[in-house]
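A, B, C, D and E are the chain letters, set down in written order, and residue numbers restart from 1 in every chain.
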Amino acid sequence: MSMIEFHDVQKYYGKFHALKDINLTIDAGETVVLIGPSGSGKSSLIRTVNGLDPIRDGKLIVNGFDLADKKTNVNLIRKDVGMVFQHFNLYNNKNVLENIMLAPRIVLKRPEKENRDLAMKLLEKVGLADKANNMPAQLSGGQKQRIAIARSLAMKPKCLLFDEPTSALDPEMIDDVLNVMKDIAENSNMTMLVVTHEMGFARDVADRVIFMADGRIIEDDSTEKFFGDQPTTQRARDFMSKISGH
Amino acid sequence: MSMIEFHDVQKYYGKFHALKDINLTIDAGETVVLIGPSGSGKSSLIRTVNGLDPIRDGKLIVNGFDLADKKTNVNLIRKDVGMVFQHFNLYNNKNVLENIMLAPRIVLKRPEKENRDLAMKLLEKVGLADKANNMPAQLSGGQKQRIAIARSLAMKPKCLLFDEPTSALDPEMIDDVLNVMKDIAENSNMTMLVVTHEMGFARDVADRVIFMADGRIIEDDSTEKFFGDQPTTQRARDFMSKISGH
Amino acid sequence: MLDIITTQWHPLLNGLWNTILCSLIALVGSLVIGTFFALLEISKYRIVRLIGSIYVEVFRNIPLLVIAMGFFLIVPMYIAKISGFAAGTIGLTLYTSAFIAETVRAGINSVEGGQLEGALANGLTHAQAMRYIILPQAFRVVIPPLGNQFINLVKNSSVLAFVAGFDLMYEGNLIANDTLQTMPTYFIVGILYLIITLPLSYYMRYLEKKLA
Amino acid sequence: MQNFINAYSWINIRFLLQGLWVTIEISVASIICSFIIGTFLGIIRYAKIKYLSAIVGFIIDLIRNLPLLLIIFFTYFGLPNIGIKPEIIPAAIMALTVFESSMVAEIVRSGINSIDYGQTEGALANGLTKWQALRLIVLPQAIKNMLPALVSQFISLVKDTSLATIIVLPELMYHAQIIYGQNTNYIIPMFVALAVLYFIVCYSLSLLARYLDRHLA
Amino acid sequence: SSVAKKDVLKADQESNRITWGVKADTRLFGLENIRTGKLEGFEIDLAKAMTKEILGPKGKATFVPVTSSTRVPLLKNGNIDAIMATMTITPEREKQVDFTKSYFDAVQSLLVKKGSPVKNIQDLNKAGEVILGVSGSNSVKNVAKYAPKAKVLQLSDYAQAMTALKSKQGNALTTDNGILYGMASENPGYEVVGGNFTKEPYGIAVNKNQEPFRNKLNWALERLEKNGTYNRLLLKWFGNVKGFNYQEMKR
């Protein structure tokens, strides 16, 4: 069963053609890593999936809903599709626990006790149970990102989107976040679409690697093929050699 | 001849003891890489060298001037000690050429023609001669950082400080900046103090590696020792294993 | 209403002119004085900061009418002869400068710290960094709020009416009293104010968009 | 000097304080009303609702650009033409509210814009609706940013109540005028008293704002 | 509008009440007594007497304080029935409102610092001379006729004008002599000069098309003049004003 289907999707910012002829199907439970140079359209693609950015043309079906259809209630999709941002976007005016409990309470009307129990369980899972009452400003970047992941998980989504979740972090914080992500990928049947430059993570966890450039999908390989042989295209090979080691 | 000498330096933010008993001598022409976990005091240390942050106690002699002495004119030090920041800090209201030419004109009263010629030469050196008239907002992060380096070089400093110059950059931009830095280290007798997590760069370019934790210098090894054998302390070994690969 | 325009256009134009003149003088004056006190307020020295904030708090928290009256009635008794126009304009300048000082100070604070550090590390002195790097960027940020201050300034220039400054409101009051056509007169006066302030506020909006 | 002593007789001071009380009452009422209405209008402008936002924006611009004196005048003397005949105090509150709401609306709009859009995106991606994101996440943060501008505006409001002397609102300025109507020599003592009383009220307001600023999470 | 169609006299007789727009900040004519909160002055007493005359001993006079800028809009909107607020009858104003016959023939003089070279209005007819007045009063328009070369500054109230004179913002203050004598007694260094160079007849203003009401007001005024009430009020308010010749004003 497919979770995300792009059919000839086109996206524009004004006159700028940001996504060109995107065709892509991601099955439920798959973990897909999306890479490519800056400005290639990775964020644009991932943000269309939960309707943060609109598409101009084509068909985009997420969790059975058609995003190109104006009548689709985008909130129904967002309930089941969580997102984790590069800059965390924790609610600055709420403490950690409230960050996690807010959406389930308001959107899912989850009973308070159940809500709190799940929130605490998730905080333990990401290793931050002791920070429940901290404000976001009192956390390090790596801690913030783990809270952001817990916040998304609290909605019990079927699918999670990650847009460079570790690239704003100090290097020694990165593993904590990646480990949480690995745990989700391996121990649940979440669908995951991850934009990242962490090749170790991609190699270990991804089922597929997609390479984008200039708004197009240039490669769509199994992880074995991408890392084992070499990418097919010259573009992707150049890119890989440039980022190796950073 | 020593360029920078710390003798029992103590630094506080309010009550927080940020630098503890720092003793360190860096000779003219040396390239020193400074590493350590977030919050360990790397930025604090480097910022005391050109007087951006004051020290509480101890003696700090830079280029022959005593920074602990209130009568020292800190501008005399800054003329000869340049600094490159994580977030570039280009002047947002000036174009690229003006960014480079401003300080030499105002501080050194360098004649306009000579100033412009040198600026253009530096732009070529960092590979951005065609961006002379761009505004900073029109540049990518990697380009901004190379301009920031050119801006520092235009003052013809004896010493350059770098505070995580590549950690805000997209991975495929990092090499361009590191190559410029390597070029300076190898082809001039600049003194360089570099905070970075780029271990490849450290291995290739540094004469010494200094490891900090909790406001203290824990290791101060030659590059061969640090990478060849292993760091002496457990702290440094843990840290190295955590950041490897990112 | 038409007969007011046909018979009273002369005092109305005269009032409009004085309102514009007073506004222009006060605009330039308050910008200079306000910036000066903004710089005092962010000084390193506590005593200088104190002077800056006393000035700002005093002029910000007293009604403009009281300030203008002070200049009109009290200054000539002890210091020097001063016309109503001058008294009102000086009062308006000082009053507005307190608000501008606050606005400019906020603007300076909003320029990110990296800009100052970049300039210092580059060898510039604090004063040079202010002059070449921080203030130019701060002014860009404060253009929208400054625009609001200038619109307030134009409207506040109606304080001249109370010190016989021959501005638009003064002439309007006289016309209303002579002709007893109060509502029509003030309606015309209102439109004349809008002729100054509306373009100003749309220009400010345009600048705000352009600089964003 | 004798003038000051005579002018500051207890009976005159009491009369001034009665005026001050009216000033405070009118100010508080207008602050509350204009805060509520202004926030509402500011949100409408921010939300870019087709036609509505543009119309609201135009009306706000019109009001913002007129001297308050004229708005007071039009409220008190213009409204009866359409069948509403307010008493002096409601008329003053109404005029101040209309004027200050349009100022507050602008402050609210730019306050909301000052919050990083990431906060909204985080909330949307988390499943909240736009309105929930605005109400629960963005507005509480924006209010903190808006506080200095709002307080400046409310300080202006307190001082602006004095313009309602024109419709004989029995507030501080008007009472001062009555007092020096008895004896022309009282005028300077009265203006000094006005300066002091307005300063006390307005400065307390800024102190309150500073306190809130420090204690708002 | 409905206000214009209403017969004010009839309405007032039904409600047994006349609403007057009066001054609240002008000594001798209409000033709020800050002890009692009541309005006091010649115009107040005259308005009360006229009310009783028209409506009978149980008739009530209600007072609404007005300023120069608000009195006419209040009248036109029907907030007040009549204006008795030191309002001079002028042909220009008669286009907008109807006046009764004059109820007080003020005469206009000048107030100057003792020893001033200014002795009469002609002395002020020079470039550079500045005459102070109160905005909205007709007296400033008159001086423009007699001394066209002088500049006229109009201030919001008498106290401001008097203080401006003390601050040398002008060479003379002009208005009705009753008010000038009052101010001279408060400020010993100043004197009234210039004789009574013009008359300022004050009238009660009512809306247009209220002939019955206006006629009734004229009728009441005449009755008060005849039965001595008018002279008694004149004596009460102006008898003690030093320099003011109230005998001349008697009717």
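Assume a contact is a pair of C-beta atoms (placed from the backbone, for glycine too) under 8 Å apart; a residue touches a chain by one contact, two chains touch by 3 or more.
As the structure is a prediction and not an experimental result, all values here were calculated from the model.
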{"item": "Co-neighbours of chain E and chain C - touch as defined", "value": "D"}
{"item": "Mutual neighbours - chains that touch chain A and chain B alike", "value": "none"}
{"item": "Chain pair, most C-beta pairs within the contact cut-off", "value": "C-D"}
{"item": "Chain whose Cα centroid lies at the greatest distance from that of chain C", "value": "A"}
{"item": "Mean-CA-position distance for chain C and chain B (Å)", "value": "46"}
{"item": "Separation of chain A from chain E, taking each centre as the mean of its C-alpha atoms, in whole Å", "value": "81"}
{"item": "Whole-Å separation of chain centres (CA-atom averages), chain C against chain D", "value": "19"}
{"item": "Gap in Å, rounded to a whole number, between the CA centres of chain C and chain A", "value": "51"}
{"item": "Numbers and ranges of chain A residues touching at least 2 other chains", "value": "none"}
{"item": "Per-residue overlap in chain D, given as positions that touch at least 2 other chains", "value": "73, 77, 187-188"}
{"item": "Multi-partner residues of chain E (each touching 2 or more other chains)", "value": "69, 73, 160, 163"}
{"item": "Pairwise chain contacts under the document criterion", "value": "A-B, A-D, B-C, C-D, C-E, D-E"}
{"item": "Residue numbers on chain D that touch chain E, as the complex places them", "value": "11-12, 15, 73, 76-77, 80-81, 85, 165-168, 175, 177-188"}
{"item": "Residues of chain A touching chain B in the complex", "value": "37-38, 140, 166-167, 170-175, 197-198, 200, 239, 242-243, 245-246"}
{"item": "Chain C partner contacts - residues on chain B that touch it in the complex", "value": "50, 52, 75, 78-79, 82-83, 85, 87-94, 102-103, 106-108, 148, 151-152, 155, 161"}
{"item": "Residues of chain C touching chain B in the complex", "value": "114-115, 117-125, 128, 132-133, 136-137, 140"}
{"item": "Residues of chain C touching chain E in the complex", "value": "69, 72-74, 76-77, 81, 84, 162-164, 170, 173-174, 176-183"}
